[in-house]
Every structure is written in structure tokens, then in C-alpha cells.
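So that we are looking at the same thing, I have put the structure below in C-alpha cells.
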Amino acid sequence: MSEKKIALEIKNLKVSYGAIQALKGIDLTVYEGDVVAILGANGAGKTTTLKKISGIIDGEDGFIKLYGQDITKMEPEKIARLGISMSPEGRAVFKDLTVEENLKAGAFTLKDREKIRKNFERVYRYFPVLEERKNQVSSTLSGGEQQMLAIGRALMSSPRVLLLDEPSLGLAPLIVQDIMKIVKEIKEEGTTVVIVEQNAAQTLKIADYGYVIELGKVSTHGKASVLADDPKLVEAYLGKH
Amino acid sequence: MSTFIQIILRSLETGSIYALAALGIIIIYRTSYTTNFAQGVVAMFNTFVVTFLFNKFGLPLWLAVIGGILSAILTGFLIDVLILRHTKNVSPVAKQIITLGLIMIVLGLAPIFFGVDPLRLPRLIESGDLGVLGASISYNGLFNIALGLAIMTGMFYILQRTKWGLAIRTTASNEYVARLMGVPTKNVTMAAWGVAGVLGVIAGVMTAPMTSVTLNLMDEVQITALVACVLGGFQTFHGPVIGAYIMGIVRNLLLFYVSSVWGGQILYILILIFIVFRPYGLIGKKIVKKV
Amino acid sequence: ACGEKTETPEETPGETPAETPEETPEEEEEPAQGVTDTSILVGNSAATSGAYAPVGVPFNAGIEAYFAMINDAGGVDGRMIEFTHIDDEFDPVKGKAALSTLVEDEEIFALVGHFGTPVVGATIEDVKEYGIPAVYFATGIGQLYNDKAEGKDKGIFPVQPIYKTEGQIMVARAVGDFDAQKIGVIYTNDDAGKDLYSGVEAKAKELGIEVVAEQVAAGATDVSSAVTSIKNAEVDFIIGAAIQATIPTIVKELAAQNVNKDVITTYVNVSPVISEAVVNEIDGKFDVYGLGWVDLVENADALAAFAEWAPDYATNVYAMTGWIAGHFFTEGLKRVEGTVTWDKFMDAMESEPIKNPFGGTINYADGLRAGTQEMNLAKVAMVEGAPGWEPVDGLQSMDSLLGN
Amino acid sequence: MKSMKAKKNIFQKHPAIGFILFGLLLALIPTLAEMGILKNGYVTTIGGTLIYAIAALGLNILLGWSGLISLGTAGFMGLAAYMSAYLTVDLNLPFEVSFFLAVLIPTLIGILVGLVSLKIEGLYLAIATLAVAEVLRKTFEELGKYTGGFSGKSADYPTLLGLFELDRTTTFYFIIFVLVIIMILTSNMMNGRLGRALNAMRGSEAAAQAMGVNLLTHRLIAFALATIFASVAGVLYVHFVKFSYPSTWSLAMSLNFLAIIIIGGLRSIYGTVLGAFIVYAVPDMFLKQIPFFEDLSYVLNGVLIILVIIFYPNGLISIGYDIRKLFRKLTKGGTKNE
Amino acid sequence: MSKMENHVLTVDGLSIAFGGLKAVDDLSFDIKDKEIYGLIGPNGAGKTTVFNCITQFYKPDKGDLRFKGHGDQIVDLTTKPVHDIIRQGLVRTFQNVELIRELSIIDNVLIGGHIDFEANTLSQALKLPKSRKEEKKYREEAEKILEDLGILDRKDMLVGGQPYGILKKVEFARTLMARPKLIILDEPAAGLNDSETIDLARLIKRIRDQYDCSILLVEHDMRLVMDVCDRICAINFGKLLAIGTPKEIQGNKAVQSAYLGVE
């Protein structure tokens, strides 16, 4: 454990939307090659955390380091080039572009054509339906197909750190199982994954480590296997609100 | 017959000016998702720069034009960096109003920089005519047409075939997600404003010899280009170009054969009827909305 | 709740301008508003910002230059002429507001150089209502014309030619000087173009001359179809009824299509700017004539004075017209004896013809308000090595041109 | 603190009271001008501003609430202006009758444009409406018999009920009266069923349709209201300015209406009036008064517009919120327990 | 028509294609009065498309859609324009949440009452007592619904910026405003966590009883589907796979291999 490098280090992160403080000082440490689950009730601040990591919103306080490099105030496109890639909440595909163009855009930071080709192959292998629909304008895809596209697009850049915001949203049970398999597979390739999910039980199964966020603060964290049985978690996550 | 051909030839020449102006509008629309009403006045401003370099500083015309292109790039960059970069939370319509504000600024500053007299700018190719079936077209006109088509083809290629094209299209589609993908959208929009500026000054330099360099130099070109974008559809780059040539030709035919008083208005009404039946323009495709 | 008001702002200055009603209603010969022992305040509103600034700015500079010259020489009757100005951006509402500010708040003695068709149109009734003298209108619209001004109309003193009149003179020149039988007209769809054309139409009808007319948009960049029509109509002579940027466009297109008929255009275009713009293109194919109501060659002294006082605008026609505006007002004022009142000023303006510093005279006697009616002729040529306008014929009235 | 809260409630419950007070406040202007506190010219400037505010309110219903753009406002306003001038001056119709006709006919044309809007949207609609306005403007230029062509068309101050001949000041009051009525009507309509339906149409056509909102009728209603307001403004304009000139009714003016509502605030009634002040009155009343900057007033106006949009992307009306916040910050020490 | 007596909706031979793709292919099913009916299937199976056809956002290429609306009148839905569907007593939510961001939650809910308002525009413009009373009545009703769904405390908040789960509830509340005979829900549990999903299941059942209506829903969360549905229709590639009770469906081999997977 102690030999593992720290991929992402977050300290005292605070973020506000106007008058609402969504993050009230979050600390997170993500080791290289781990799958880290972020859990929490509706509106707890999970999405906000991921958005801040990828740089598309501004923070008030605290810092984020990627392999020791401070990226707190960095522009999102720079962060993407450093190897962080995100499948955002609510799909956010390029609606008027085709499936193939969306995926191409996902590989924007890659220069190596061969690698891009391989990534295409891989995404099409994971989601064969995307290949069938590759020339369809993505706004006309079904909800689940768009979700697959968003995840596939995030994979296209061969990221060092992959951020998944509710990847199972709107996906059929079989595909949800697939996603979990995919996460395992890319973890094995050495990619670090931060995954936000509502489906706590299933997520903790594949995760190494878990954080529970409550009202903008980390309320519990620990090894996934331990967390899964933690009564405190059951209360925080499944319990009262 | 020769009259007819003459009209067509002259229309092609103005058509290529409209086309360049329309391309300038489209590239901004596709990257900043706003209609740049200031495209015309910015072009006017930079054409004044060319004229000044030529008249007051005595530079050769081609050098003056290069100077104008540089100043166009600079003004484009400035507009993006000083203004549009700070409009993250601004709606597309509000961005259009920003371009209105720009018009006021440019119209206010131009007389201070360049004085109030109309100025003269000669043609790039001073003389020479090519006879075509009893009509004639100047070498300069031919050059304009060729240049317009070349620029259009080049842009088409860049947009469809290169990484820059992808960057432009993702920026237009959803700037926020594009940045997540590592697309340097700021550079894309900045470049787009630069390119729009260049397209504008080239259109201005083509227009100026037909009239004189004044504050209103590009007014008509601007409106025609806007309408051409609608006629051709905002989704493609070649649609507006075709729209621009059609506008140039049909307007002159209407003015000549139907009515010199009402020709322009008849054209507007025809276009109105046309877009009611083809709401996405000549080239644009209709996309079924999915809910 | 709002019907009670009886007193309205306009009444105050409009009623009896020569007196200050509250204080000494009975006493006569109280000076008009804006007049003190040492100064006299006049003003105007003009478009000095926005798209019309290129006209408004030099125009006002011309007026101010003239007054500066007068004041430098001690003013008129020991009074300095002070000039105040409001920018109206060519907008009727702003022009109207400016007028009431000028007359009611700043209390100017007279309007000098009322500017722009939309503003003049929107305010001409108000000006008459106030009864304030207004000298020089920088527009040529028909409303200004009056051959027997009485009462409230008396204060209106147009100077520059009215477009309609000029259109008639163009026909008179075409027929009298060029023996034209069939005239082509290319006119813009703005006030200048359309008023010129209606003058042309009226005179041609009177003389039984055939006219072929084509409209082009003001500011158009492509006038090729109009030119082709005129070319195909095989006219003897062409009238270019357009101002500013559009006239070079028309002339260049005529040249481009190798039309070889002479062209005449309005005085507004007779400036080095236009000659410079077209001289290379016409290149001997045909001549471009322009009417004029000033004679800069004959009046070189006046031109020198102008250039001295308005050095930045020495070649600008709009500045020159502003200068003329200042001159006409000053000439009227010089003639007023004793207390300066509106009535006395108007009488003074009518008392005898006023000479234009750059040539020609205008007679306002017996309520005639017709602006300039004699015009000369010049053509584009190289003058002293630079493109300019070479005089062809002196000032002549319509009647003398047609030989009656 | 308590009393402030109570006051707020009255205005929220009965917005009409606020509008009427606002009108009364505006009605002080001519008196202030007579007293020499304000310039007389301001009566005209502000009268014009309020007229523009009326037309802009119509555009706000169209763009702000319904999400439909129009670049034709000036054309319709001009049409009404010319019609009313013609009907009162040439046909000697009573002011009320000509008012009615001059609003009715443009509105019918506006409804036709509404039909077009079913097929096209966004920029395409903008340009289509621009085309309509350009055709109208050309008509004003060419039909000199009715419009006076480029000599312009003159009209008189209104005569109400054939008895009360208004003058500048009373016409100014009349404008305020109409404005207040229109503000009240707009507020009532937009805060009720119609407003919600238009909002829904803008926010999501699919949701609107699923909830039973007929897009056709609501687009027509939106265009009808916008044209009615523009026409009312046109009639007031021609009887206040007493003149109509064809190039007044140009694209530039329509764009100014857009600027007004964007700057003031989409879907804000007071914001619209505020926007009209910023666009029309502020340059004359303030910018041009800055010494050395008179000639730059046009530039400053442009800069002002850009700054407002960048710092207040939701309209200057939200400046009220900021001021309140600042106020609260300043008085925080004493009244922390709110 | 006797067959329809206790059926609120009959879908018969429904087909629609986009280009070459048959999104829905000869699909038939029916929903009984007061039934909670599930429509399941893999991503891209055509579920949302079925909804779009029923509510006339898409005009089906083929097929009958009969609906027993208010007053037990049987109407052919295909003859109705989109905005008239709700008047028949049929109202839907959307997979991607279609709400008006700039409006408050309660105003969004009130849009659902659009068809019930009787006062005309003029009386609204003048705020005549009738229209004022009406507005008050429906506002109270909307508040009651929000209370039912447990989000009354947020009623004056703007929709923009609300968490996804809340948005789904607001859409649900909006459908209830119309007091429908049949509610169509597209993935109501998306974005809800486990405990919220359990609440939702309870809510759906309660709504059915309280509002006396049928519910047709698409959902990928099998716990919810199996818990609340009386019957389920499973489709794949736009074609029918199976219809039955939750138990039957869970046991169906075809459904397992195409959709559920085997645990």
C-alpha cells in the first residue's frame, strides 16, 4: 500500500454556486491504479467534486494535485491533456455530431493514430451498438445509447485518471454489469478510476476504496470491503434525509 | 443575351464578396454560437487601415493589404480576448447584443482614427477585361471569384478533414464538454475571430474599389451576407456561399428585369417564402427532434 | 388627473420672445433670449456621433471656425457669438429633445445650421411654434421651401439649394448646355436621390424631355443592373442623383460597363474626395460634371480665410457649408440695429440680399424662402496635378440656362 | 426590518400598486423640468424612452417569455405610426378610432408572421422578421402618397374624445398612463396561465405540448401581443414626436429593442423600462455631459452595453439584488439575526 | 369495443421506422384500468419510441392506439394532435427531464394544470376575481401534490440547479396536476439512490390508488419494476419478447438473455 503512488490528492476543497456552498472542505486521496467510489445522497456534492477535478468550475479554497502537480486553477483542456478524462453526468454528448465524431473528439488529446484506432476498436468492442450507429447523429440515440457513448468517449483518450459520474444511469441491467467489468478491465491496465454512483452495493463490489459525502463533506471513508458492511454507511447513504 | 451574361458576371463578382462576408459570419456562429452583427463594421475598420497604409503611408497595395490582414487578425483576437472570453454566463442572444455594442465602438472610433472623408482604394488588378459571349468581366473580378472559391474550399477541407475542424465543430456543439475533451476552445474561438476578421478585410478590399471607403462601406454586404447564411443554412460552410452567389445573381436579375424599385424587396419576400418551405435553408438537413 | 395643466413649456419662449413676461411686461425692446451686452448665444443639434458623424462633425467645425473668426475680430457689435451644440445622432426624438433643451433651457437666440432630414422634419413645426429664427438647414427637403413666408414661417432661412430645385437645374443644364433629348437618371432611394429625381421628372415633363430612371439603394455596392438598364436605354446624358458613397459606385460602374455618356451630379459631390475617387476610372471615357452654388476659384480669398480658421477641414465640403451657415447668420446679425430681438433679426435678414462668401447671393425679401437658386458647373479633371473640379460655367439661374 | 418585509409583500401581492406608483413618479418629470431642476429636453427624451419601453415590453413577451426572436419590431411600430398619422391627419378620423385601426392592422400582419414562426426558429426567424420589416420600410419610402416618402409624415398631439387637445406635457402624461396599463396587463398575463404556457414553450416545446399547450395558438398570441405593443408604441411615437421618417424604422432600431430587453433583463417588466433608459436616455442625459467625452459618447454607449452584459448577464435589473446584498453586508453588524 | 371495457390503453400492431431502422416493430399490448404496467427492454429497444408514438410526438407508421379517456370515451389517439393528448387524460414524463429551468418548482407543476384553467386571457390580464380564484385553487392543489411527493419545502426554488432526483419528482408532480387516467413515466428512478427508489415505489402505488389512474412505466431498475408492476411487457429490437407478471418475466429465458442477465 505504502509503495503506491498518489494519483490524485485533494485537500480542503470548497466550491460554491452563488450563495449555495456545495463543497465545504473535502479531502480525498486516490492511489494510482485504484478504483475509488464516491457515494452520497442526492445533492451531496459528488458531481461538484468531479467537476472541480476536471476544472470546469472554479473553487474557493483548497487544492487538487495530480501526481503531485497542482491543477487546482488549471484550465479544463490542460487538465484533460494531463490525462484526466470524464464521462459527465447527464451524458452531455455532442448532440449534433455523429457517434463516430463524438468518439474522435474523445481522442482529441492523443496524437498517436495507431492508439486512436485501437481505442476505437476497444470502445466498439465494449459497446457494439455504437459501431452499428456510428453515423447516426447522437441526439437521436436512445438514452442508454447516449450514456454508452459518453463512457466510450471518455475511454478514447486512454486516460490516466478516469472520472465516471453515474455511469449506470439509464443503462439496462446487463449493460450495468458490463460497465462494472469494463471498470475492472481498465483498472487492470493501470488506469485510476473515480466513480460516482447511486448504486452503492454494486459499486463497492468493484471499488478498492470508498468515500461517502454528506452535505458537502466527507462523512466516512475506508476500504470498500469494510465500507460495504459499515452500519454508518448504511445510515448515511440509505438512511434518513 | 449579352446583357444577361453581363449581369450574371457582375453578380458573380459581388456574390464572391457576399460569400466571404457570409463565411466570416458563419465561422463565428459555429464557434461562438452568436451572430456577429459587427462583422461588417470590423471589416470596414480594417479596410480603412489598408487604405491608410496605401494612401497616407504610400505602401504598395499588396503590402497594405497584408498590413490590413494583420490588423484584422489583431482586432479579431482583441475582440475575443477582451470581450468574448468574459461571456461564459452570457446567453447567445446577449452575445449578439455585445456585437451591437461593438458596432457602436467601431463606428465611434473609426472617424477619430481615420477622419471623416471618404477615401479611395484601387483594385488589386488595376486593368484588363476578359470578353465572354459579348459581355466582359475584369481580371480583378475573376480574381475575386477565384479567391472566394479557393478560400471556401480551403475552409471546407479544414472543417471536415482536420483536427482543427473537429475542434471547431465540438466547440460549436458544446463548448463546455469540448474543453473536457481537451479541446483548447479558447484558441479555437480566438482563431475563429481572427479568421473572420481576415475574411472581412478581404471582402472589404474587394468592395472598396467599387465604391469608396466610408463608415457605411460594408452595410449592404453585411445584411446580404446574413440573409445568405439563412438562405444557405447555418449548418454548413458551403450553404451560405451558395446562398451568397444566389443572392447576388437573383437580386440583379430582379432589379434589371422586374423592377429597380422593388427588386430587392421581392427578393426578400421570395426568400421568406423559401425558408418557410425549407426551414433549414438550401443545404441544411432537417433533424427530427427526439424527446 | 392630467387635464388641468394650462401652462405649457413651449408657450413661454414662443409667445413674446422679445420680452421677459414676468418682470417687465410693458417695457418694449427687451433683447431676445440668449442676448446679453457682451454675448449672443446660438446653437444647433447635429449628428456628431454615430454613422452620420462624418457629416455632422465637420459641419459644426465649420460653423465654429466662422464664429471664431468673427469673435477674433471683436464680435458683432461688441458681442461675442457663442455656439452651443447637442449631439442628436440623426434621431428625430433626440433632435426634438435637443431643440427644447436649446430653446427652453439654454435659451439660445437662434438656431444656426439645423441638421439632417429626419431631425429637421421632426422639429420644423416646433421651430416655427417657438418663433425662433433658424438660419441654414443642412438638408434639402421640400418643407423648407416657401415663396411667401409669413408669421411663424418667417424665421426659417434655408441657404443651401433644395434638392428639388437642383434636380430641375440639372435638367436645365442637360438641355441648355448639352442638348440632351433623352436623359437617364440613376437615383438613390434616399431623400437626396428621390427629391432630386422628382425635380428632374417635373422639369423634364415641362420641357417634354424623355427620362429613363433607375433606382439604386443608397450605399449599394452593386449597381450594375441599374447601369446596364441605362446603358441599354441609349440615353444622351446621365444624371447621377446620389450623394456621398453611392456616386463613386455609380460612376465606376458606368466606366466598368464602358458607357460613354456624360454624367452630372449634385453639388454635394463636388469635392476633391469624389473627384479623387473616380478620376482614374473615368479615364477619358466620359466627363463627370457637378453643379455648384459656390465658386471657389473666384473667391479664393474667402477660401483662404476658411482654410486658415478651419485648417483640419480645409478641403471638407461639409465644413465649408458650416462656414457658410455661420456667415449667413452673422450677416443678418450685423444688420440689426439697437436691441437684438427675433423680429428685428428676421427683418434684417430680409432687408437686402445676402452674399455667400463663396459666391452667389440669396434674397429673402418678401418672405421668399427658396435657398440657393443659381448654380454653376464644374467637371472632374486634373487640377494642378491633383484630381479636382475644373470650373466650366458660372452661376446661372434656371431661366437663363434655358435661354428665356 | 419587519416593516420592510411587509412592504415587499404588498408589492409582490399587488404588483399593480408598484406600477402605479412608478407612473406617478415619472409624472413628476415635467413639473421638475418647469421648476428648472431638470432640462425641458428631458421630457421629450424620457417620453421617447417610455415609448420605446412599451415596444420593448412586447418584444420581451416574445423573446423573454416565449423564446421567439424578432428583428421586425421597428417595422411594425413604423406601420402603426404611419397609419395613425394618415388616419388622423388625412382622413380626419378621431384619435381613438385611428389608434384602434393603427394597432389592429399591424397586429394582423404580426399574426401572419406568427404562423411563419411555427416552421422556423432562431436565427432563421430573426432574418424572416427582418425581411418583413425591410419590406415595410421600403413601403414607407415608396408610397409617398400616404407616407410622405422621404419628406416624412407629420402628425399632431392627440385629441382625446374629440375634446381634449393634448400638448407636449399632457401627451407625456398620456404615455405614462398607457405604459402603466401595459405594465399591469403584462404582469398579470405573464404571472398567470398564459405566462407559464409561454415559458413552457420556450423552455421545452416537448413538455409544453405534452401539457396541452398548443404551440400554434401560443405563438400567435405571443406575436399578436408583441405587435400590439409595438403598434401602440408607434401610435404614441407619431403623436408625441409628431413626425415619422422612413429610415427611423430600421434594423438598427429593432436591434436597439433587443438590446433594451437584454440589458434590462429578460422577463423583467421594470428591467425593460430600465433597459430603455440605459439604451436611449443615459447617453443623452449622462454620457454626453461628461466633458471631453462628448464625441466619444457613442463609443462609451457601446462599452456600457458590453459591460452591462458581461457583469449582469441576466439583466441590469438584478443589480437590485446586489445592492441589497451590499446593503446587508454593510449593516450586518447590527442586524445579524434576520 | 367491448374488449376495451376494462382496458385504458390498447396498442395494436404499432410500428415505426427511422430510415432503415425499425425502432418499433408490430408491437401490441394493453393496459387495464388501475394497472401499473412496466415496459422493459435493453437500451435502444424502442421503449421511449413507444411512448413517443402513444403521445403522438412521433406519428406511427402503422398500428392502432386506442385510449379510454375521460368519461370512458374511447378515442383513437392517432387522430389527435400532440397537445390534445393530455386532454384525453393521458400524460407523460420524459427520459431526459423536460422542465423549465427559469421557473420555480411550483410554477413548473402548475404548467400541468394548463388545460384545466377556464378563465380566458382577458380576464387573466385584468385579474378578474374569477381568474384570481382559479389561480389560487390550482396553486393550492399543486402545493398538495408537492407535499405528497415530499418536496413542498422546495416549492419556490428555481428548477435550474436542483439535483436530478428532485427534477424527476417535479416532472412526476406535473403529470398529477392534470388528474390523468394514465400516466406514462420514462425512467422515474434514474438518478435516485436505493432508499429513494424504495420511497418512489411506495409513492407510485399510492398515487395509483389516490388518483385512481393507471401507470405505464419504463425503468431499468429491476427492483422497482418487479416491486410495483402488475404486469410487464418486455421488448427487444422493437419487437415483443414477453408479457406477464413480474415473476413470469423474471423467469423468462429470452428476457434473461436479452436484458436481465442471470444473477
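Each chain gets a letter, A, B, C, D and E, in the order it is written, and its residues are counted from 1.
By definition in this document, a residue touches a chain if its C-beta (ideal position, glycine included) is under 8 Å from a C-beta of that chain, and two chains touch if they have at least 3 such contacts.
Computed from a predicted structure; not experimentally measured.
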(request) Please state, in steps, how far chain E lies from chain D along the shortest route of touching chains. (result) 1
(request) Give the chains in contact with both chain C and chain D, ordered by label. (result) B
(message) Report the chain whose CA-based centre is farthest from the CA-based centre of chain D.
(response) A
(request) Have a look at B-C versus B-E and report the one with more C-beta pairs in contact. (result) B-C
(request) Could you tell me the distance, in whole angstrom, between the mean C-alpha positions of chain A and chain E? (result) 31
(request) Round to the nearest whole Å and give the separation of the Cα centres of chain A and chain D. (result) 48
(request) With chain centres taken as the means of their Cα atoms, state the distance from chain A to chain B in Å. (result) 43
(request) Go ahead and note the Å separation of the Cα centroids belonging to chain A and chain C. (result) 73
(request) Please list all residues of chain B that touch 2 or more other chains. (result) 104, 107-108, 261, 264, 288-291
(request) Please set out, as single numbers or ranges, the residues of chain D touching at least two other chains. (result) 138, 142, 206, 295-298
(request) Mind pulling the residue numbers of chain C that touch at least two other chains? (result) 49-50, 53, 57, 189
(request) Please give all chain pairs that are in touch with each other. (result) A-B, A-E, B-C, B-D, B-E, C-D, D-E
(request) Sort out for me which residues of chain D touch chain C in the complex. (result) 27, 30, 33-34, 39-45, 48, 138, 141-142, 149-152, 154, 164, 167-170, 173-174, 177, 237, 241-243, 245, 247-248, 280, 284, 288, 294-298
(message) Taking the touch rule as given, give the residues of chain B at its contact with chain C in the complex, in rising order.
(response) 3, 6-7, 10-11, 14, 17, 104, 107-108, 111, 116-120, 122, 138, 207, 209-212, 214-217, 219-221, 248, 251-253, 255-256, 260-261, 263-264
(request) Quick one: which bits of chain B touch chain A in the complex? Just the residue numbers, please. (result) 163, 166-167, 169-170, 173-174, 176-186, 235, 287-290
(message) Could you list, by residue number, the parts of chain A that touch chain B in their complex?
(response) 54-56, 75-77, 80-81, 85-86, 88, 92-97, 101, 104-106, 108-109, 137, 139-140, 153, 157
(message) Per the contact definition, I'd like the list of chain E residues that touch chain A in the complex.
(response) 18, 41-45, 47-49, 95-96, 161-166, 187, 190-196, 220, 222, 258-261
